[in-house]
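Here come two complexes built around subunit A, the first alongside subunit B, the second alongside subunit C.
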Partner chain A sequence: MTAAAVAPTGSRQHLWLGLSALPLCVLAVTVLFGWHVAVGARSVPLGTVFQALLHFDPSQFDHIIVRQLRLPRAVIAVLVGASLAVAGALLQGVTRNPLAEPHILGLMAGASFAVVMVIGVFNWLGGFWLPWVAAAGALMAALVVWLIAQWAPGGATPLTLTLAGAAMTAFLTALISVAHLLNQDSFEQLRVWLVGSLAGSGRELVWVALPWLGFALALAMLLANKVTILAMGDEVALGLGVRTGWLKIQALVCVVALTAGSVALAGPLAFVGLVIPHAVRLFFGSDYRWIVPYSALIGAGYLLGVDIIARLILRPQEIATGIVTALVGAPLFIHLVRQRAR
Partner chain B sequence: MAKTSPTAYWTVRLANERLALRLPRQPVLASVGLLLALLALLALSLMLGSYSMSPAEVWQVLKGLHAESDRAIVVWEFRFPRTLVAALVGAMLAMSGAALQNVTRNGLADPALVGISQGAGLAVVTLTIVWPQLPGAWYPWAAFCGSLIVAALIQGLSWNRQGGSSIRFILMGIGMAAFITAITSALLTYGDVQRALSALAWLSGSLHTAGWPDVQMLAVWLVVLMPLALGLSRAMAALQMGEDTAVGLGVSARRVRYALISVAVALAAIATAVVGPLGFVGLIAPHAARRLARSGVGLHLLLTATLGAFLVMLADLLGRVLFAPIQIPAGLVTAIIGVPFFVVLLHRAQAKTTF
Partner chain C sequence: MTANSTSNNASRLHGESLTVGYDDANILDGVDFQVPDGEVTILVGPNGSGKSTLLKTLARILSPRSGQVILDGDDIHRSKTREVAKKLGLLPQGPIAPEGLTVRELVGQGRFPHQSLLRQWSSDDERAVNSAMETARVMEFADRPVDGLSGGQRQRCWIAMVLAQETDLILLDEPTTFLDLKVQVDLMDMLVRLAHDTGRTLVVVLHELNLAAAYADRLVMLRSGRIEQSGTPEAIFNSANLKAVFDLDAHVIRDPHSQRLLCVPSSLGSIASTVEVGARIA
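Showing the complex of A and B:
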């Protein structure tokens, strides 16, 4: 087993920690899930929530609220949180850039732009093709950002990638605003979505995005082993027999699929992919076989928690979830810059 | 300047050779050309719009004929102040960018990229939503305070035991900008819908509400701040050679840095208070001015200001005319023009100075 040979020292400790923390994390996510469903403009007792989930009774009003309104939102939070966290983890590993994240690198702006353009031009909302459109946009944005960073002196360093991503985001955001002004009617419904919100999307979208996210999460788990090796450097990875080019393409496909599915469901949610992998790394070191699954788990819990906060602070109004993730994530970004950038 | 041949200068001798000026030919020609272009753009801005006029008609209105006609109202009440605000704001943002790039020794610094404009934006949005009854004269001060706090935070955070770093400064600024934008959006969702909508229009960098009071205020501030910036230009020239050299040349590097940051922040904040965050002007203008004509720091600052004025006037005109009757805010136009420029700058950035 090559992976065992290159696993960082203390991997036995991580194994023990990883296995023992698993039930705890699953429990935490389950509790958060229940709480998320219970909280809202009308509070539903936790007992009723689990009753509605397990023994659904269509004659009870609370059960209908839980099943029809709250449950899809909670499921979306879980899916999106897990996907974004894993996407961030993969990006950080493959680009060896602690600041990498789908939003910072401009992928989300690309996906949003593509979706907005298609909806604005063809005046058509949602449906089966939405993740495909988002994926095309994210892929284009990722490639352009990478090319810009490559083109700069010194190649694709964390700095050039981040700057190129920021520039890409600024550009596409301006174009989205222009499109919005030109065609106000069809864009009005996208306003909330563009800040990143879990409120708007319906249940049918979950079924559209689910195959994407499921496929990409599974692929991420398969790649995790090699990403650990790649994170040590291209030469090391080549020497250990990893086909780095092919691996990077696979990782890119995976990240694009995760981003596209998440954006289609919840709009651009910033900084989730930055916060979670770093938090996970604090406990589980640099082995992506642990980082990827735990990022998914903790990312799901995190987004559930953030969405609870977003709905509780100004009850009965709610803040867009994307605002809360940015408020939490941006200070961490600043901290990382302070520590790592020379 | 060693490379330039003697013919690149005009020498002006005044008062029986007691006073002589040596004027570099290229920058002087460039400034004259820019001023002419500015005038042409002004004329175009007055003519074009949803109510088009011929040059002769505009000229008549400007001379004071037909004082009570619709044309006079369109020109004097709407287009003229708006164009002047665009010019003044452009000049201020451009000078702010030049000063910021000098202090951080980073060619990619721009007040809107590193969060300084966003700080001003947050302060103004807070004022409009939480204390809407306050008069407009408070806005520049609030904007200045907001920007200053952000600038101090970024500067303080990017300073550590190894000294300052321009990479940290700019990345920190990007993070800070994201953070402040989130707070601003939260305020907008919280506030009253009508006020939030007016704040939202302002946040995309629009000049459509500009009037004569804005022109007055901007002009007063520019008259105060421009001599300050020009007075600092000698010290800026020394700082460009590096901090040690500057200290050796007798410049109090610390004091100059604080003064420059304050001037840059004040310029950006006041411009932002009037028209909202207008990105990339402070980034483009200094570089374009440098390519237009090589010159000393003082003259470069003047060229930068003129170019900035030109840019924002052009952006406003384009936004007004391209999709008429819909108006695209100037801030969006500058962003769309500015980003490709930024990418080229990123490509050109010298590894040794910027990274």
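Showing the complex of A and C:
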């Protein structure tokens, strides 16, 4: 009872792991980041990559590739991976549903649907407004899913929420397909985006989405300790002085912003928000003050790694990142389910 | 009918003409209730009598349609909930810990109302958590996940969490339900000792009548959203009241060892004869 007298959570094992794993994870993400930038149709040596990042020389072709093409894509991978993982973690805590995730609860389908409608039907390619459109879609979908679940006998339980989310996703995906059939030309450019891809977005979009994701990630960190308490039940949380209604609204705003920014940047990427928080819990327990930051870090690393694979397998061609997240994510998730069942 | 025979006590927490309901039905109907300071008050009543509803309203989980709950002179539903949480702790019925949360982490959550953005975790918090874990005797599994413990151990962890909150008033909703009798007795022993040794005020909803009679300083019987009887077990725990409140035919006898009051349902004889008849038919 002497060591670690001042502990944020009190659990020594989680505290020890949480603190000691931090530099390791940051290092791993940095290495993956460098590797991600180096890999591609034309590989650039790692040394040149870091040179281009630290001492940019516009006369060198490799430096221009790194700065103009590769760097934005790596930044997008980091942002989207972190955001989706944190969104999944928050949703799982607030709804007390291990299956909660922006994709499964229908938020992503809502965001994609809104974007597809605006771009495909109205033929309008808006950079700045893209996250707003996605956010409106995600928020609408979230509210409708919640209303359907609330309307079911027994109210909004993890089960009814999951079912309503699955129905919403199926319905909106069908609508997207219908729109696609009716207007093939303008949808051709969206085809890759709809699978989830980091390739399409340019640098401008990073600047558009950055404030959304930055704000939402910061908010998620601020909410983390209350989400831990909310995960113990509404009545416990109320008894401890948490304003649960207000907290849920804040969490919803946070998740919608994270989903909207991610969908605007990379399309509807499934599985990241589902798999990463579960993997994090396996090591760092159930305190969201650990889960949120580590989901962000490991989500970023995971999407960097997945995107490296997506570009390596069929080089010089590449597979859409969304396909690889599902290919890697599904078996990983099955493994996690087996781990937890034991 | 409110026999306030022992109400010379002060009361920091009381409800005034509380009417509470869901949808069209009123669960509580104009209830006045004073929680005597430093005593163990136990609420009993048949299913649907409103005992849990009364507890939740006192704990500001439910808002009354009319009437108010006063804590230290202020309307509890209009006070800052975090400030209330520094004075009043609540253990709801059947709480579930998130998977993998360790005992120490769970108990640590009890410190939430005392923390802020700038004041995250202090030596005060550490001391309160350790002392709560000692009192509830959960120190030996401090670093184990709560969901891996037995029912009684888990309930002790939750009680430790409420203790770590360091409130003078603690409300508990059926803390012994679904536990073995031995574990129920241990828990109630612990809670009552806590109240009497440290001067804390406890309000407990209980299902088990004999436990209620054995441990209550003040027993409160509810039926159909009203308080029917209130007083010491000696004063009100008798067969007439059990019949009136619970519609239960029972004798109340005195345990020859502890001198405590016990109720024995008097239909037991007829059950025995039914079994006999059943056996003969088979």
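The working rule: the second predicted complex is superposed on the first by the 319 of 342 C-alpha atoms of A that agree within 3 Å, B and C clash if a C-alpha of one lies under 4 Å from a C-alpha of the other, contacts with A are read in each partner's own complex, and residues count from 1 in each chain.
One rule holds in what follows: a contact is a pair of C-beta atoms (placed from the backbone, for glycine too) under 8 Å apart; a residue touches a chain by one contact, two chains touch by 3 or more.
In this text, all values refer to a predicted model and were calculated from it rather than measured experimentally.
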Could you look at A:167 and tell me whether it touches subunit B, subunit C, both or neither (first, second, both, neither)? first
By the touch definition at the top of the document, which applies to A:99: first (subunit B), second (subunit C), both, or neither? first
Where does A:326 make contact in the superposed view: on subunit B (first), on subunit C (second), on both, or on neither? first
So, does A:151 touch the first partner subunit B, the second partner subunit C, both, or neither? first
I'd like to know which partner A:175 touches here: subunit B for first, subunit C for second, both or neither. first
Per the overlay, which chain contacts more subunit A residues, subunit B or subunit C? B
Footprint overlap on subunit A, where subunit B in one structure and subunit C in the other make contact: none
Once bound in the complex, which stretches of subunit C touch subunit A? 56, 59-61, 81-86, 89-92, 95-102, 104-110, 112-113, 115, 117, 120-123, 126, 129-130, 142-143, 145, 162, 165
Quick one: which bits of subunit A touch subunit B in the complex? Just the residue numbers, please. 99, 148, 151-154, 157, 159-160, 162-164, 166-168, 170-171, 173-175, 177-178, 181-182, 195, 270-271, 314, 317, 319-320, 322-324, 326-327, 329-331, 333-334, 337-338, 341-342
Contact footprint of subunit A on subunit B as seen in their complex: 108, 113, 157-158, 160, 162, 165, 167-168, 170-172, 174-176, 178-179, 181-183, 185-186, 189-190, 204, 279-280, 323, 326-329, 331-332, 335-336, 338-340, 342-343, 346-347, 349-351, 355
In their complex, what parts of subunit A are in touch with subunit C? 1, 5-14, 93, 96, 98, 222, 225-226, 228-229, 231-233, 235-236, 238-243, 281, 285-287, 340
